[in-house]
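Look at the two complexes coming up: subunit A is in both, with subunit B in one and subunit C in the other.
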Partner chain A sequence: MTVLGYMANGLVFSSIIVLGSIGLSLVYSIADFANFAHGDTMTIGAYTALVTFGAVGGLGGAVLGLPFGFFVALVVGIGVAAVVAVATEKLIYEPLDIDSIGLLITSIGIAFIYRALIQIGFGSDFTRFDVQQLRPIESLVPYGVRVTLHDVAIVASAVVLVVGLHVLLQYTDLGRKMRAMADNPDLARVSGIRTKRVKLWTWVIGAGLAGAGGVFLGLFNQLSPRMGFNLLLVIFAAVILGGIGSVYGAMAGGFLIGMITQLTPFFSNVVEALPIGPGWLATLLENLITIEYANAIAFVIMVVVLLVRPNGIAGEGAT
Partner chain B sequence: MSLLDDPRATFADLTRPEGWVLGVSVAFALFLLVAMLTGALGPTYFLFLVGLAGMYALLSFGLNAQWGFTGLINFSVAAFFGIGAYGSALMTASSSPIAGGFNPLVGLVVALVVALVLALLIGIPTLRLRTDYLAIASLGLAEVVRLVVLNERWLTNGSAGVRGIPGFFQGWPVLSTFPEAMPGLRLVVIPGSPIILGTSFWQSLLNVLLVLAFAGVTFFVLRRAHQSPWGRVLRTIRSDEDLARALGKNTYSFKMQSFILGSLIMALAGVFYTHLNLYVGPGDLDPITTFYAWVAVILGGSGSNRGALFGGIVIVTIREGTRFLNDVALPIDPAPMRLLLIGVVIVAVMRYRPQGVLPPQRELIWPSAVDGRATPETPDSGVRERKGGGGDE
Partner chain C sequence: MSDGMTDDTTGAADGPHGGTDPVLSLSGVDSGYGEVQVLDDCSVRLDPGEIVCLVGPNGAGKSTVLKTAFGMLTPWTGTVAYHGRDIGGMAPEEIVREGIGYVPQTDNVFGSLTIDENLRMGGVARDGGLEEVIETLYDRFPIIERKRSAKAKTLSGGQRQVLAFARALVMEPDVLLIDEPSAGLAPNTADDVFEDVKAVNDMDTAILMVEQNVTKGLGISDRGYVLDQGTVRFEGTPEELLNDEEVSQLYLGG
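After this line comes the complex of A and B, so read on.
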């Protein structure tokens, strides 16, 4: 594959990471804890879409290689992920009287419960959406870019959702309230913002985007009960790289981390081609920059960012 | 205080949760005993379970030294456990891709040294971070360790794991041949279902003694450390790090010491696991091990070593009980059941008893101070004189 090919893959994967990281970042800043159940919320979205799509079928026509029924399934997946998250907030998180560390630990328990229920219901094997596998788009293959129409659909839908979120945050009342709350919850509250309601909306938006990310992840790879949890740390890396609490930072971080993980094979080619100083260094780099370590590289970047620039690339504001 | 001096007063002294835990534990022990006598539970398997419970208790002690004492959110328990297990397995196993064939004691030392190095590697960058960042960063680094173990085949044999590990007492004077030397016993408690105690039973018995030794030493070291001035500084850091710093403590250094102490204990648990299970694979570094230890600690009560012991037993009950249920009653895959139970326990504890079942109360105070009968002994000389005015406590 060429650079362009890897970058195209990176773009598709980034779209999924961005969808996940926005929600995680929103919840981090407004509900004020690191939600370890976020990855499993994605899994919920994916499996809901699987069930819905199986029930409604194709519904006739198709857009970008995806039947209409799939988009219905996508919407249902988003909805169910949001409803589950709101129910969890209402039933579990809200009555708790503990600090953000306690909430963090609780969210791990929630993550396990989500995953266990899905595994009991669907088994632990890999499954796929029942859509036809497409061949790469012919006209792009000469450039070394092997993307299918499904990949285009993923990127396009992600762009629509992200633009929608941008409009919501910048131009609506709810968006302003959310930004105010992320900035300073106490100040928001004394200014008369109903913070509880805003928090619920945050869960709806964050979990909904996660659900969409999960559906696309299932379409991009496969579905398995561990899919969300496996991606969780990558999403955390993206959120931290972008700056915790900053939605736009999360978008940038998600984009970068997605690109970096997918470009790892390209980097390994580069390292092999470059004449790097002493032989042992070259061998070491060649061994470490391989596809097996794509995620590990993302995690190391995450730790380095935490150390050097804990507010992330979004700058000092961190909101 | 002592059970022997005044049993009635000791029981009257128990708080309600302590009474409950004691009651449930006794009932559970009786249940296991009956199951064993009736032949439903093989004695060798029972000892394996005891060994496993001891191992989880050890793991929980390690986490307790980090989270319970100092408040460090370490989500890399599995990495230290795995490094301990791999360290000793690679040194002792016959199929080891590197050295192999050494005495298990060498394996123990190597495992602890490697764990120390890893603790420094993970601790130096992450311990300066805010608590929630520490959680995420340590989980990420644990994942890096797991990926390295999985992918560096020349070092770890990759996904196939390491087999051919000897028992811990291999090469010891008497103990190495002890299981074979012991006669096979045949006990008949209930006519018709005799219990046969063979070589494997004595082998397991040795393992249980080993883990009891490990856990016992760790327990007393931690107990002493927790009550010492050093432990008080850690507790201060846990409740208010700025305060500790304002009192002139180098909190980073104290956090590092507590992190290393805990990591070494986790590696010790890993070493024991190697010689209990006789097989080590990359699956042992799965994050679930980390969360098993977490459940044990928060269920037992953060900062409480007794609680960690109790939590360890509960974890084994969940782990093996789901398998048992699957065999006997419900045909549900045990893996998700386990996950579900762990999740429910976490949420339930955080909801209804965030301090844990056995929160540390009197554990933190010198016994002579709580007796009430005698006034606390007064030191003959001032603290400063005794310490020679030095030390950075």
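After this line comes the complex of A and C, so read on.
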């Protein structure tokens, strides 16, 4: 594969990470809550779509190699992820009425519960959406880019969702209230913003985007009860890299982390090609910079960036 | 003279001042943070159109009076009445809708939002007429009108304070609670801010204000209260308080 090919893969994977990291960042900045159940919310979205798609079938036509029924399943997956998150907030987090560390620890338990329920229902094996596997788009293969129409669908959908969120945040009353709450929650209440309501909408949006990310992750790879939780650390890395609490930072961080992990094989090719001084160093780097260590490399880069910019890419943490 | 003033405060909610009913009153309020009591049988009243200044040493509970009046703290005992109706313990976002505004001492603007957006946030509870009221406020405070599309964090300290007032005024409140308007400002800027407080008062808004700068704070006020250890020690006109020997020796730094 060429560098273009790796970047194309990076773009697809980034789209998924960005959808996850936006929700994590929104909930962190507005509800003051590092939600460890966020990854498993993605899993819920994916499995809901699996069930829905199985029930509704293809529904005739197709767009970008995906049957109409798959898009119905996507919307239902988004909706159910949002409903589950709102129900959890209303039934568990809100009545608990504890500080943000208490919420964090509670959410780890919630993550296990979500995952266990999915495992009870579907078993722990990998599974796939029942859509036809596609061959890479012919015209791009000569450039070393091997992406399918499904990959294009993932990127396009993520772009639509991200642009939609941007419009919501910047140009709607709800978006301004969300930014005001992220900026200064006390002043938001003093101004008359009904913060509980805005918080619920934040859960809806954050979990909905996570659900979408989960569906796309299932389409990109496979589905398993651990799929979301396995991605959670990478998503946290993206959010922290972007500047925790900043939605736009989370987008940038998600993009970078997704790219870096997918470009790792390319980096390893580069290392092999370089005439690196002592042989032991070359061997060490060649062994470390491999796809097995892709996540670790992403974290190393996160740490390096934070050493230079301690508050992350987007700085102070304002939305 | 000081004895008489102390006695007077116990009847704060009864409206002894020429028969006018207070727009806002705290009567026999105990209040505090968690387990820590700050206010102890505290009674303060604000009549329509007045500026009333709360002064006293650090930790006397001046800001706590405002926070309790605004629902950020729930009174443990006693009542907070607005136009005679008990609002004690009502949430701040609901009290705003009743007609009381609050300007915190610090962090009183949304730094990452534009001036325009700050004012819009001030009006989220309005039923309508938001654009008109914002334009009126821009006319009154041209200093922020010029920067309406700039982020609030780019404003100077004095401009920020003006924006903080304006944000609270979008609701056209009957009562404005202001916590230390001159805190952290250069003397010239502080003078401007006191002028603005008076201008706000001229818009038929009664003001209950906490101020460290006793002379200037009382200078623009109709009445003042001296708080110490969570309770009102003295009440009177600015002249009475500033000229009272006991008050100035004990609380106003000589």
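By definition in this document, the second predicted complex is superposed on the first by the 306 of 319 C-alpha atoms of A that agree within 3 Å, B and C clash if a C-alpha of one lies under 4 Å from a C-alpha of the other, contacts with A are read in each partner's own complex, and residues count from 1 in each chain.
The definition used in the following text is that a contact is a pair of C-beta atoms (placed from the backbone, for glycine too) under 8 Å apart; a residue touches a chain by one contact, two chains touch by 3 or more.
Because the structure is predicted, anything quoted here is derived from the model rather than measured.
Of the two partner chains, neither subunit B nor subunit C is touched by A:160.
Touch criterion met: A:105 reaches subunit B, while subunit C stays clear of it. In the overlay built on the shared chain, the residue A:187 is in contact with subunit C alone; subunit B does not reach it.
Touch criterion met: A:233 reaches subunit B, while subunit C stays clear of it. Of the two partner chains, subunit B is the only one that A:96 touches; subunit C does not reach it. Within the superposed three-chain model, A:120 lies in touch with subunit B and out of touch with subunit C [touch as defined at top].
Of the two partner chains placed by superposition, only subunit B is touched by A:306; subunit C is not. Of the two partners subunit B and subunit C, more residues of subunit A are touched by B. Looking at subunit A, you'll find no residue that touches subunit B in one structure and subunit C in the other. Of all residues in subunit A, only 173, 176-177, 179-180, 182-184, 186-195, 318-319 touch subunit C in the complex they form.
Here subunit C touches subunit A in the complex through residues 70, 72, 91-93, 96-97, 102, 104, 107-113, 117, 120-122, 124-125, 167-168, 171, going by the rule given at the top. Every residue of subunit A that touches subunit B in the complex is listed here, in rising order: 33-34, 92, 95-98, 100-102, 104-106, 108-113, 115-117, 119-120, 123-124, 225, 233, 236-237, 240, 290, 292-293, 295-296, 299-300, 302-303, 306-307, 310. Remark: subunit B residues 73, 125-126, 128-133, 135-137, 139-141, 143-144, 147-148, 150-151, 291, 294, 298, 332-333, 335-340, 342-347, 350-351, 354 touch subunit A in the complex.
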